[in-house]
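To start, the structure itself, in structure tokens.
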Amino acid sequence: MSLYQLQHLQQRFAKKTVLDIDELTIEQGCIHALLGPNGAGKTTLLNILAFLESPVCGELAFQGKRVDYAKGNILSLRRQVVLVDQHPIMFSTTVRANIEFGLKIRKIDGATRNRVVDEVLETVGLARYKNARADALSGGETQRLALARALALEPQVLLCDEPTASVDAENQAVITELLRTINREQATTIVFTTHDRLQAATLAQHTLVLENGQRVNTTYENSYACTFEPTSGDKDRYLLHGVVELYLSAENRKSGQGGRGRITLNPESIRLVTDLRESPPVCSQVQGRVVMMMEEGHTIRVVVDVGVLMVVLMLADDYRQQNPAIGQQVCVAVPDSACSWTTAC
Amino acid sequence: MSLYQLQHLQQRFAKKTVLDIDELTIEQGCIHALLGPNGAGKTTLLNILAFLESPVCGELAFQGKRVDYAKGNILSLRRQVVLVDQHPIMFSTTVRANIEFGLKIRKIDGATRNRVVDEVLETVGLARYKNARADALSGGETQRLALARALALEPQVLLCDEPTASVDAENQAVITELLRTINREQATTIVFTTHDRLQAATLAQHTLVLENGQRVNTTYENSYACTFEPTSGDKDRYLLHGVVELYLSAENRKSGQGGRGRITLNPESIRLVTDLRESPPVCSQVQGRVVMMMEEGHTIRVVVDVGVLMVVLMLADDYRQQNPAIGQQVCVAVPDSACSWTTAC
Amino acid sequence: MNFFVDSFFAAFRLIGTGDAELLKIVEVTLSVSSLATVFASAVGIPMGFLIAHSQVPGKRAVITVLNTLLALPTVVIGLFVYVFISRRGIFGPLDLLYSQEAMVIGQFILIVPLIAALTIAAVSRVDARYQKTARTLGANGWQTALVILREARFAISAAVISGFGRVISEIGISMMLGGNIKGFTRTMTTAMALEYDKGSFTLAVALGVVLMTLSLGINIIFNLIQGKSSR
Amino acid sequence: MNFFVDSFFAAFRLIGTGDAELLKIVEVTLSVSSLATVFASAVGIPMGFLIAHSQVPGKRAVITVLNTLLALPTVVIGLFVYVFISRRGIFGPLDLLYSQEAMVIGQFILIVPLIAALTIAAVSRVDARYQKTARTLGANGWQTALVILREARFAISAAVISGFGRVISEIGISMMLGGNIKGFTRTMTTAMALEYDKGSFTLAVALGVVLMTLSLGINIIFNLIQGKSSR
């Protein structure tokens, strides 16, 4: 079942569009990862999902009902969702009072509050700090306390902004496991942002990628500074970062002269070839070593060092067939259609 | 040839030891990556290498000579090294004046300054901003300008604090390639910090890992919250994060009762077994799927999802023999000796 | 210099023995200044809070006007109030001129902008994440405001203290609206400025010592609180 | 109220026609205050810079003392300077009492702590990375200081302006050390406070208008500069 549905949603600050999402669904009870570079609009999207910001246009439905941003209504919606900041801030009171805050607001009686505080502190492993000052905890502990403070409210949805970006390896493992547990035991829907593809791939059932405020299938990293020059044949010679040669059809450009610019290779359209003796190439090829492979949804992300790093997204079948190994010499086939070219201004 | 040599070097702030390095050598003309979590002491080490901080004790040799922190001397050393901050700051003047600053200080004449400014702006691709206000550039451009400002001084050593952490994918590629070019063409020694293992592995000839201010071989991420209980046999049952079972020899602990704590598995001592029908296990095993593999120096880093993520560092020979694939079901063999255990306080 | 040394000793004797005239002057000063500070806080703090948290477009302008009013010279305020309360003014019949009430009104006008401006600064300095956190935990507008006030409590106390420090050391308003009437509207500053060369030099020095001790003490408290708030 | 309305029109006429007495008072005020501000800046800015950048352990204490001196009432400063320059004081032979020089000295003492404290704040607000960047690019101590000063230029100008605004609107020092001598040490504030009910009410209002315009103008400039520095 879909919990959130976004359609043609836009957010602007000072006339700049920071978020522009055509369509997005958040499934109830699932963990969603939100991947993307800094400034891609991840935090803005979380704020909108937490009902802390209202979009300038577009539709947002929650639990099947269109969200009405009238004052009384939005408060009751907001009470079903908790957002945990990247650098959570604690009220300058005790650990206990921080957790009780949301409970008091919801008019929960004292005995229940006590029980809940003890429970959630136990869950995040901070029971010993119950009466300590909340703003004196370390970074990792603060992050865990922020989770406890959110959990105490038993929200429908837990939104976490980079929950593990600012904590050490040990706390990272603890927090990741906590999110898994919460999702499993209380069926809480979780949306978290991250830079870490592996975390996204292993923790979440769904991964969404944002770039420049828009949804994309994957972040296009294969973007290189590049010069090109015409050759005598029907191909132009492209030189990526001065080190990698590509020969692409001359149709891509208008002018008959050489020039400088950027070339972007679609990681879904370029192909990995492990058998170097394969049939003569029908398109430009570059050679390199496989340096990384990881699971990414239904595809395998393979990074090849061809002088520059090149990302190839392989389908599972293709991956099994080619069976590349780390350190292996492979070819990357670059068809003309995988390239897009912008001339330097 | 070694450019820097550190021995028993310590740095303390407010009585807290933030850096404690027994021995470290930086090779001339090489690219070094400095890996480690936040707060591990990476920035402090860079500051010391840049001669911006003096260590409280220990020895630092530069170009074979022990560093003398007398005022006149340190200035001339500092002029051979440039540090580029993670979030570089630009003087509130023009792009050109920012680059000229270091040149003026070195009493370079106007004509040469002009030439150098044009050259380095060309190198980083910001020639069109020459007369723009430097503090109006975007994050990625600022990072490139900071590199240009450093390059203009033709330093022996270029130190970069997280050069690509705060920029988008496109600028990441540009900056990575810039660092490579600088190192190749001018034989500049480069030390950069990063969170990204892949970047470290592909860009640098040497990778140093810091944790809690100390050099370690690799960051130990395999740290799990865990409960254990005695069984009737001579093994105890350990339950990692409530999901993964391990049976370890009872020798590891003193008390006869169950308890809670943390268990850390040394990624160099646990082993990956792809053939699930292999000879009967001599030690505890857990099953899981391979989700990531990457090159890390002379080892292959394999991440297995066994309910929690577990990192196995494989030697190249062993990797070739086992030849694991992404998505494959494998076993992780956990010998008693790979585990260290701390009881919860 | 002997004369001054003697005067200093005499002044300390005056303070030590609790001279009646001295005590009366200090009492008048403190009671007028306290009243003015209480009223000004009651108006200035809510005003500052509302301005800091309003989203209206004219907000920057309002803050600039407030900051500008901070520079209003005491004598201008004195003259302004005089126009209203002098026997020929609108409130002339109330016979407020040369009374403690008049001084309170003038001092009130002097520090309302100060307390409001410092409250704005205090509230603005509270990390935006406090508001965001309170809201995501389910607080309504009023509960969120209380959270922010709690986080700004030290800085707001500092604002009040700062206002009090300003009024006990001001002289223009006390002189023009109080008139330096002995035992009634004579404050520490007016007594010091107007009486010292009419023979009450010892009293002037004694008042100087008391006033300096008071305002330095207040400033030390202010700095301590400021330090706490910026922790 | 007619009397006041008439006075206001008369006051504007006085300003419009450039009344000689009014001009003289404004001239005295501006020249005394400017001199005091120039001297105080020459001392306060380097002092603030040195304090902000010294690494000595007593630094916090020095800053607290400076902040405390900010609260020094004008009348206390007046009395203090009087002790030294009165005919019976050490500098009595120099015959400085009731002169512009005396006022400059007093006002100088008043705003040196202010300018120094604001300079400290201005310099401290400059991101530490400017210093680090200058040093890693090879700057020596002096060159680094110039970089920091350049980055703090708006805030330091604001400190100077703030000092000037403080002295033109102060009255305690001008009265006690200048003595309100017509055409010589009579300033806008002393004239307003002491003359308005002795028949020169129109002049008082005219002076009030000029003073308020000046100090509000200065404060607006101050705010503009502050805004620029916090960009």
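Assorted remarks:
First chain written, first letter: the chains are A, B, C and D, and each begins at residue 1.
Note that a residue touches a chain if its C-beta (ideal position, glycine included) is under 8 Å from a C-beta of that chain, and two chains touch if they have at least 3 such contacts.
The structure displayed is predicted, hence computed values, not measured ones.
Here the CA centre of chain B is 54 Å from the CA centre of chain D. Averaged C-alpha coordinates give centres for chain A and chain D that are 56 Å from one another. Chain centres here are Cα means. That of chain C falls 20 Å from that of chain D. Residue positions of chain B touching 2 or more other chains: there are none.
Shared contact sites, meaning residues of chain D that touch two or more other chains, are absent. Taken as a graph of touching chains, this assembly is arranged as a ring, one closed cycle with exactly two partners per chain. Chain pairs that touch one another are A-B, A-C, B-D, C-D. For chain B in complex with chain D, the residues that touch the partner chain are 50, 52, 75, 78-79, 81-83, 85, 87-89, 91-92, 101-102, 105-106, 149-150, 153. Residue ranges of chain C in contact with chain D, taken from their complex: 1, 3-4, 64, 67-68, 70-76, 78-80, 82-83, 88-90, 165, 168-169, 171-172, 175-176, 188-189, 192-193, 196, 204-205, 208, 211-212, 215-216, 218-220, 222-223. If you check the complex, the residues on chain B that touch chain A are 37-39, 125, 128, 139, 166-170, 172-174, 176-177, 180-181, 198, 201-202, 219-221, 223-225, 241-242, 262, 291-295, 300, 303, 305, 308-309, 316, 319-320, 323, 325-327, 344-345. Within the complex, the chain C residues that touch chain A are 127, 129-130, 132-140, 143, 147, 150-151.
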